[in-house]
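Across the two complexes that follow, chain A remains constant while its partner is chain B and subsequently chain C.
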Partner chain A sequence: MVPEALFFSAILFVIGVVGVLTRRNAIIIFMCVELMLNAVNLSFIGFSRLYGASGQVFVIFVMSVAAAEAAVGLAIIIAIFRHHETVDLKNINLLKGWCSNCPWPNRVECIRLPAPSPSWCGCCRYCR
Partner chain B sequence: MHPLAGSIAELVWLLPILPLIGFVINGAISLFTSFHAGPADPSAAHGEHDVAHAGHEAPDTHDEHAAPKRAPLHAIVTIVGPLVLLLAFGLGVAIFVAMPSHMATPFVKTFFAWMPVGTDLPIHWAFQVDQLSVMMVLFVTGVSALIHIFSVGYMGDDPGYARYFAFLNLFVAFMLVLVLGASYPVMFVGWEGVGLVSYLLIGFWFNDKANADAGTKAFIVNRIGDFGFLIAMFLIWSNVGTLDFSGVAAGVGSLPAGGPLLTTICLFMLLACTGKSAQIPLYVWLPDAMAGPTPVSALIHAATMVTAGVYLVARSSFLFSLSPVACLTVAVIGAVTALFAATIGLKQWDIKKLLAYSTVSKIGYMFIGVGVGAYVAGLFHVITHSFFKALLFLGAGSVIFGMHAAYHHTHSTEDAQDMRNMGGLRAYMPLTFVMMWIATLAISGIPIFAGFFSKDEILGSVIARAADSTLADVHWLGIPGSAVLYAVYVLALAGAFLTALYMTRMMLYTFHGPNRTGVEEQAHLHEAPPLLTFPVVVLGVLSVLGGIINLPAFLHLPAGWTGALDQWLAPVVGDATLHVTHGVAAETPHEVALVGLAIVVAIAGIVTAFVKLKPAALVPKRDAQPATGFERVLENKYYVDELYDRTVVTPVVAVSRSFLWKGIDAGLIDGVLVNGSAWFMRGLARSGSWLQTGQVGAYAWAIVIGVLAVLGAFTLR
Partner chain C sequence: MPNGFVYEFLFYLFGLTAIVSAAIFVTRRNAVAAALWLVNTMFCLAALYIMMDAQFVGAIQVLVYAGAIMVVFLFVVMLLNLGLPPSVADIKSKGARIIALVAGLAMLAELLVLARQKLPAELPWLPRETSVTTPITEPLFRTYLLPFEITSVLLLVAIVGAVVLAKRRS
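Let's look at the complex of A and B:
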């Protein structure tokens, strides 16, 4: 029973990882993270058959934390959507500092990028 | 058990503390009552007269002839300032009385460990009571007390009265540390301290920038000398292993006598002495130091501080006597300075400047004395010189005081210190006139007067050393030592002639002939008040009788009358003197003839002045024609200040500006090191930021690959 559970858990985890790595939509990535969490839950349940009920207790904890995390994460994604009018992570790159293709790398104010890009340039933290 | 242990000499710590207490009290009064209104000094005439004129045009303003408003607590300053000095002098006398007639070893009183550096260099705060230091204490406190009393009258109306006495007390405290210190570092504290106070007092009327600049000049020039003192101390410590006088005296024998090391130490020490004692090449600060109040010039820049260099050489006689080359250098510098300064003194019109060059010249004689190993003669001249030079300066102070008062009454802006504006003052200041003649005869070396005995002892010692001594045996820059010493004698004799000449010139132009002050002013010229004349008279008596402390042997006086100072100082400098003279007491050949020659030279100087100089033909300063030819060179002091400016000051400033400031500081430190490191780090961060794409996917890939790498590493281990 345990090896099967671990087998499916591993498959589920890899699906989650591949989803996180390959998708660009923030909500899809978020769902894939949930998949990875559930994969871990599955292996906890499996191991609890060998080592007693503590694994199941862990699952309860993980699910409650995941619920809280889902609330916060979705709120952030909504905030990002309101700000950037997109949830495509290709356009959310504030962490990098200056964008490599920005024509005005040192300016103080950001500008709205010309079409077809729908967003502000995101070059600096003064974007409004 | 030392004979002085348990005696009053245990209270030696009180000697510098007493003036220090005066400094604290007066300084506190000065700080808490200051309402400084600007310079009101007799010798700083101009600025104050401008104020007086402004007031005169507007009749409603105050009456400038009314006595100036005095600072609060003026009376306390008047009492405390001189009193601490009198107490210190009394204590000095008590210690002197308590000393046995022949004390072989100095009494060293150690108070606390001051700078214990490891175990190799335990520097203690210790005072040394021996014949030399007690002698210095006596004349420092005695002359200082007289000058403090003079200052009460001279500076009474100055707004900075309390500040003045605070500085004057502080000076005496440091001077006593200088002469009492039992090791070079303690002495150095006093050495630096008197330099500091000298700076403070030269720039006492700092509202005038020229005065402040003169103080700065003195300070900086003295720093050059202090560098020599420090190097000499370092060399002594690294080679002898101690800095106590007694320790160095005992340990210096292990060094090669006459070797380059000892000579180097002595020459660095000589550099310190030339700075503090105003000898060539560092004498330039002393004439400018006359910007200070006249009693300060008398105390610091004539009688006491400037003789510190002579004291240092005498105190280090155990070093100098082992290095004949250094001794000859000291003597040559002294002789050249004596003649050089005397020639400049010939054409000075400012009475204080003239006395300043006279001081430089006379300290040159002291250097000749201590240079040729006649330490007692040099110190003897220190004492007699302190008497008659303090007398000259205080007399000049009385003259300036009277001149200024006269000009003040008539609102004239004439120069109260210029001798061309004086003349015929003997009718107005008879007492000062007599006292100044006494001092002039003393400094010229006329028999009976104090300066005669000390100067002739120096000159006789030079001839004695030239005949037979370690100095005569060596070569100095390739010249035989005896030839150098004969040259020194000739220079000193020429300087003696010029001394008599320029001092008589000063007397003639100041006190003889017609008065040139002005008709209106003559009504206000009068003798100085008793508070000023009392110290002058005391110093006058000392200038006459001062020679009694060391009468020469050729007078054939009863035993006990001759050579008192010789016997007194024998435990301190006797060994060093004997070392220079091959271990036998020096005999001066043809001594009486030499003395006669010196007297003839001095009288010739005075007679020349009387014959050549015509005070009647002199015109006041405002009508005077500019000097021409060599006279102009002398009046401009051989352009030495200009020479130093061109060769030292300007290049130093230029190098500092273009290389040290713009090159090193702004270029290397600010540009390359400070801003450069910031630029470097910014560039590094920029290149590193290419890794930060901001794409969450890329970060996720990095995490996954990292996790796989770590897990793989654990699995495959």
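Let's look at the complex of A and C:
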């Protein structure tokens, strides 16, 4: 049954990837990452049917790392929620330098502004 | 013996249930419903582990993944009051969905080609008299003893980090 297990594992992994690429809720994206870890665990178990019990040991390691990742990641999400009042990743783009509410979402036009316009949103550093 | 018709039927049943649950999980808008569908997927995976002679890992899957980790997720969803469907669209725009579809199909094709490689013969099943933890303990406490010990440090760091990050600054 190992080829079937690898088949299921591939499909589950791809479902997780598509979820990460299409969703915007940070918690759901985290759950998709957990789904991808589970898919890899399934192929580890499948290969442990062929190559011995080391695969099961790796599954245990993956589970402990996933537990640590869930704890730290959810703490980060709580901290972000406290700061932004949202977990929608559309609104969390500090590293981009401008915000999604910005009326000039293009950085070049933002810099070209002569002075703080009356309609500046003040939420990104190029519009400030 | 684990090679009869019932075994194969149950294997496909649990595998397809896991895939269908995962697909429903990805498309739910409500975070609580999504988490519960993911729990269903994890239960089905635990059944698959048990059917592939990894009984201990199956039990750990139910206890740690479906129990502890998903409860933490649900707890955070409750804490942030995200149970209601969001007013803004949770799904990304059409372009992002098309890119995700193309990337997913490409990755699926690649993984399926890899999964069709010639595989060696399966190992014999464990005799029924042996304990389920016996095959794991040998590699875990001999070959992988150092990673096992480092994992404890990792968990300690994760606990401290979670407390520091989630603590309300006064």
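Assume the second predicted complex is superposed on the first by the 97 of 128 C-alpha atoms of A that agree within 3 Å, B and C clash if a C-alpha of one lies under 4 Å from a C-alpha of the other, contacts with A are read in each partner's own complex, and residues count from 1 in each chain.
We adopt the following convention: a contact is a pair of C-beta atoms (placed from the backbone, for glycine too) under 8 Å apart; a residue touches a chain by one contact, two chains touch by 3 or more.
Please read all numbers here as calculations on a predicted model, not as lab measurements.
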item: Combined model on chain A where chain B meets chain C, clash or fit; value: fit
item: Partner chain in contact with A:I29 - chain B first, chain C second, else both or neither; value: first
item: Larger contact residue set on chain A - chain B or chain C; value: C
item: Partner chain(s) touched by A:K90 [first = chain B, second = chain C, both, neither]; value: both
item: Partner chain(s) touched by A:V40 [first = chain B, second = chain C, both, neither]; value: neither
item: First (chain B), second (chain C), both or neither touched by A:L74; value: second
item: Chain B versus chain C as contact partner of A:F13, first or second or both or neither; value: second
item: After superposition on chain A, the shortest CA separation from chain B to chain C (Å); value: 6
item: Shared chain A surface residues [contacts with chain B and with chain C]; value: 17, 21-22, 24, 90
item: Contact footprint of chain A on chain C as seen in their complex; value: 8, 11-12, 15, 18-19, 22-23, 25-26, 31, 34-35, 38, 41-42, 45, 48-49, 51-54, 56-57, 60-61, 64-65, 68-69, 72-73, 76-77, 79-80, 82, 86, 88-92, 96-97, 99-101, 103-104, 107-108, 111-112, 114-116, 119-123, 135-136, 138-140, 143-144, 147-148, 151, 154-155, 157-159, 161-166, 168
item: Sites on chain B touched by chain A in the complex; value: 689-690, 692-697, 700-701, 704
item: Residues of chain A touching chain C in the complex; value: 1-19, 21-25, 27-28, 30-32, 34-35, 38, 41-42, 45-46, 48-54, 56-57, 59-61, 63-72, 74-79, 81-82, 87-88, 90
item: Chain A to chain B touching residues, read off their complex; value: 17, 20-22, 24, 29, 89-90, 92-100
